[in-house]
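First the structure, then my questions, so here it is.
Residue numbering begins at 1 within each chain, and the chains themselves are lettered A, B, C and D in the order written.
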Amino acid sequence: MHCSRGLEREGFLIDKAFLGGGVYSLRFETKELLPEILPGQFFMLGPHRWKSDPFLLRPFAVVDWSENDVEFLVKVVGRGTKDIVSCERGTPFRLRGPLGNGVFTAARGRSLALVAGGIGVAPLLCAWKFHSDVVSSFVFGVSNGDWAGVADWASSKVSGLTVASDDGSLGYKGTAPDVLKKEGDLIDEIWACGPVPMLKAVYGAFGGKSLIMASLESRMGCGIGGCHSCTVKTQRGMLKVCHDGPVFDLSEVFLDELI
Amino acid sequence: MHCSRGLEREGFLIDKAFLGGGVYSLRFETKELLPEILPGQFFMLGPHRWKSDPFLLRPFAVVDWSENDVEFLVKVVGRGTKDIVSCERGTPFRLRGPLGNGVFTAARGRSLALVAGGIGVAPLLCAWKFHSDVVSSFVFGVSNGDWAGVADWASSKVSGLTVASDDGSLGYKGTAPDVLKKEGDLIDEIWACGPVPMLKAVYGAFGGKSLIMASLESRMGCGIGGCHSCTVKTQRGMLKVCHDGPVFDLSEVFLDELI
Amino acid sequence: MSLSDVSKSLPDLSVSIGGLTLPSPLIIASGLWPHDASFWQEPYSAGVGAICSKGLTRRPRAGNSGIRIWETPSGVLNSIGLQNRGVEVFIKEELPHLAKSGIPVIVNLAVESLEETTESLVLLKSAEKDIAAVELNVSCPNVDCGGMAWGMSADGVSSVLLAARKAWEGKLWVKLTPQAFDLPSVGRAAEDGGADALVVSNTWLGMAIDVEAKKPVFDRIFAGLSGPAVFPLALRCLYEVAGSVSIPVIGCGGVCSDEDVLAMLLAGAAAVEIGSMLMHDLKCISDIYESLTKRMALWGVGSVADIIGKGRGDRF
Amino acid sequence: MSLSDVSKSLPDLSVSIGGLTLPSPLIIASGLWPHDASFWQEPYSAGVGAICSKGLTRRPRAGNSGIRIWETPSGVLNSIGLQNRGVEVFIKEELPHLAKSGIPVIVNLAVESLEETTESLVLLKSAEKDIAAVELNVSCPNVDCGGMAWGMSADGVSSVLLAARKAWEGKLWVKLTPQAFDLPSVGRAAEDGGADALVVSNTWLGMAIDVEAKKPVFDRIFAGLSGPAVFPLALRCLYEVAGSVSIPVIGCGGVCSDEDVLAMLLAGAAAVEIGSMLMHDLKCISDIYESLTKRMALWGVGSVADIIGKGRGDRF
């Protein structure tokens, strides 16, 4: 390996835990020291053995990090994630990051709620860890009991985590926005991450009242603003999730154009 | 897996040993019982994780086999062999075989010599094991001392193996055909496998006097005579190494057209 | 519907291609499968709708010298050069055994000159009962005279069809080349000339260089690219042609999975041919057949016809 | 020579392309690299011979709606649709910073109408000193008006060159499309029209279908295929064009390794452009540069010029 590879880092998978619901926690040890990572920032990654198929690295939000290790939650949804979680401990990985300039920025003195849907909990765990002092509540919505392991795992990290599930099999019955609505109307700011329908529900309930900062997803090529693959339509034009985001002020985003 | 997959079998890598000279011995346990395998027959194989890149299975001669295991020698020469030997024990493999109709057939009552060059020793080890009663000598030529591990390993299987090396660092100094020439002129039949120059030397020294049956190599697609990728030019036309061979009467083969 | 209910209502995978009914939309493409009846039966025959013969010529051909196959990223370059024993030997020594298998035989006939094509078709007529269709190959990139040249333009295809239709009244497919500039117009020429179906398409012209030897890998320099790498290109060609003709179009190029088959069908294919994937897995067709059946059952789709063309956008 | 001796006689990797000297034959292809000077320096700049800008148009373009990138076997389909801020903003806000990097800037100009092309070139003239060459992109498959249409025929390319050469006297490259029927003739038209070099070529027209959604993945249905999958096809195109023109030809399509670069050079390329591989590894170029240097030293080859065209067979 070379002395400086810029954002291209190498890491070894040192911990892998299956949490249920198709979700794994993966921890990598990096060879070099990591720079400071801000909540919402992400890495693109894949095992070194990916040469040309799979070809593209996959983006994942940082859940936690220290000087030379970094942790992600990976939900298996397709061939890339399937292959990533099949790797043994010790497997060398390509880790490109930290990426993203639009991040969750702590706003002291305001009431701040975090709301996560499913795997969207990942960047919010990072936000909580580094800004727990300013967070007033954290709601984690999941579809059903398959997520019990993930919910337990998250609860062990976040004191006072409120869990909700669509079918009531875990925590409150209802969606995360539903629960948030019950928690009180006076929220200055919301940090959100989850499926598009959840983001729409949050915006429907709190748009105009609270500032809603949401971490968005998009298919990515480069992760550095070069290829224009990952754009979302906003009031400021087509913006790049990898470079201008992934965290955006939801009031600027054309929610109906999200894929 | 299905009940009958014909020639497509599944096996697990159960043993891997590095023998030096870039050569590994690999042993696979198969799920189903194997049919009888004749010396010279081969398998096309690759780890199950090869989906589209690498795409083609690689051919390897059977070294040894029993009801449900089969052993190969694999020399690393390119990306496929490199990836194959990097697999851990337990890795599931696709094993297509046994393939080949032109095989080494024992000729009782005649003097028979085996001559191998480098990795060409593989099918001859199988021939020796199943026909040691009819073999009068077995010469194994290698380039240099890098092959010491392979030569030791082969010697442990073949009593009376004669080793020769180009630079004299192992056994006799000289090529395998040189050594064979010294061993005596009256050989009825020779079974040979090795690089094209070796085959030419054997033919130069014994052609017309002894029947020379040689296992040839060629780039392969299907292994079953379907794709016409693997042909060699012979006096009977373009013949398929996978289907008509891999063992051919060398007097029929246009040696200068071998690649 | 859950997977366990699937067996209750197995969908019908048979397809009809210009009047020819096949038990499955999965056809083995030309040049991959041995003319050896022992491979035209279980377990290899499971799920197979038809098998195309190796490209045949009027007279035997030895094929090309030198390296004939080379792996590329997710693809395969080949330069076989139509090695075959000629139409006559095929009819006498091979076809009868293959036909006995019960698998529909598609005879892939490589167009060299018009005369040879006519002669071959006249010979094939004598074995008509054993031939489900003739697939005219105007698209082989690996030979000098004829081959792909006929398929490059509408005019070339028209003259081939004119000659062929005089000698052969049975089912006639035309296998196009993606090297043609305007595939839809070539396809329309074939339709106008009386083709019953089109196959879109053959291999893509590529090459490789052996860097250490500092020379082209193949004696003929260029070779044909196939395999998963070309799937997105083949799908686009299929989509264009299927939108431009009214006869059935069979998709071919890089099909490897039930997803690929469904993509081709949704784009308008009446069936697919599978070639290179068989080198990767001799039994891929039965696996694809199974997963296709399951997926169709899950979708609640009763027949292949209900899928064909259902994924087309508004272009063409 | 052994590897340890390599450092003693490092070969010279600079190349000359129609009078323009670049420090390395490895050029970053258009559409992959940010117009952000922080990426135009170490460690990313190591081994880079030049960088092509994103395809620019006379006026800003928002690009295409919907999914813009899709992975295929060893390849990538893209449908970006030339999102860019327009030539004027580029000249004012971006180019000065990029030029300061010292890396030669190749301005990729997407040809829409002839008028717009002329206007853009006139504007670029004001920044001529910061521009190593203009690369006319007559090959973008992802836009409606113009784009690829200009590159499909010799006539189209001739008219573009006629207009362009009136407005731009600096170095002029033309980036061809592999969708053209007769690339050599299109290449000759560009040469005759005064191009200093050709780039062969852009992406290959493909498509994808989202099987579960039962519809095309891309809003525009078709998209451009790039990446390792297309390398054998791109190498063939390069080989054909390099044998048909006398200006330098730059290879582009699927280049991922030093072997690929050498194959392109041996086939006749004067340099290469590397695109998709950068998505796989932002730093691939410096790795390729290093291994290329080592390999050339092992071969005992002192300069890139000694390799160009040395692997050509006798065709063309």
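Following the convention adopted for this analysis, a contact is a pair of C-beta atoms (placed from the backbone, for glycine too) under 8 Å apart; a residue touches a chain by one contact, two chains touch by 3 or more.
The structure displayed is predicted, hence computed values, not measured ones.
Here the chain-to-chain distance from subunit B to subunit D, counted in touching steps, is 1.
The chain with its Cα centroid farthest from the Cα centroid of subunit C is A.
Separation between the centroids of subunit A and subunit B, computed from CA atoms only, is 53 Å. Here the CA centre of subunit C is 34 Å from the CA centre of subunit D. Among the residues of subunit B, those touching two or more other chains are numbered 51-53. Shown for subunit C are the residues in touch with two or more other chains, namely 73-75, 227-229, 256. If touching chains are joined by edges, the resulting network of the protein chains shown connects every chain directly with every other. Interface residues of subunit A, counted against subunit C in their complex, comprise 52-53. Residues of subunit D that touch subunit C in their complex: 72-75, 77, 181-182, 204-209, 211, 214-216, 221-223, 225, 227-233, 235-236, 239, 254, 256, 259, 262-263, 266-267, 310-313, 315. Interface residues of subunit D, counted against subunit B in their complex, comprise 73-74, 228. Those residues of subunit A that touch subunit D in the shared complex are 2, 4-8, 50, 52-57, 94, 96, 219-222, 224-231, 233, 237-238, 243, 257, 259. Here subunit B touches subunit A in the complex through residues 49, 51-53, 83, 88, going by the rule given at the top.
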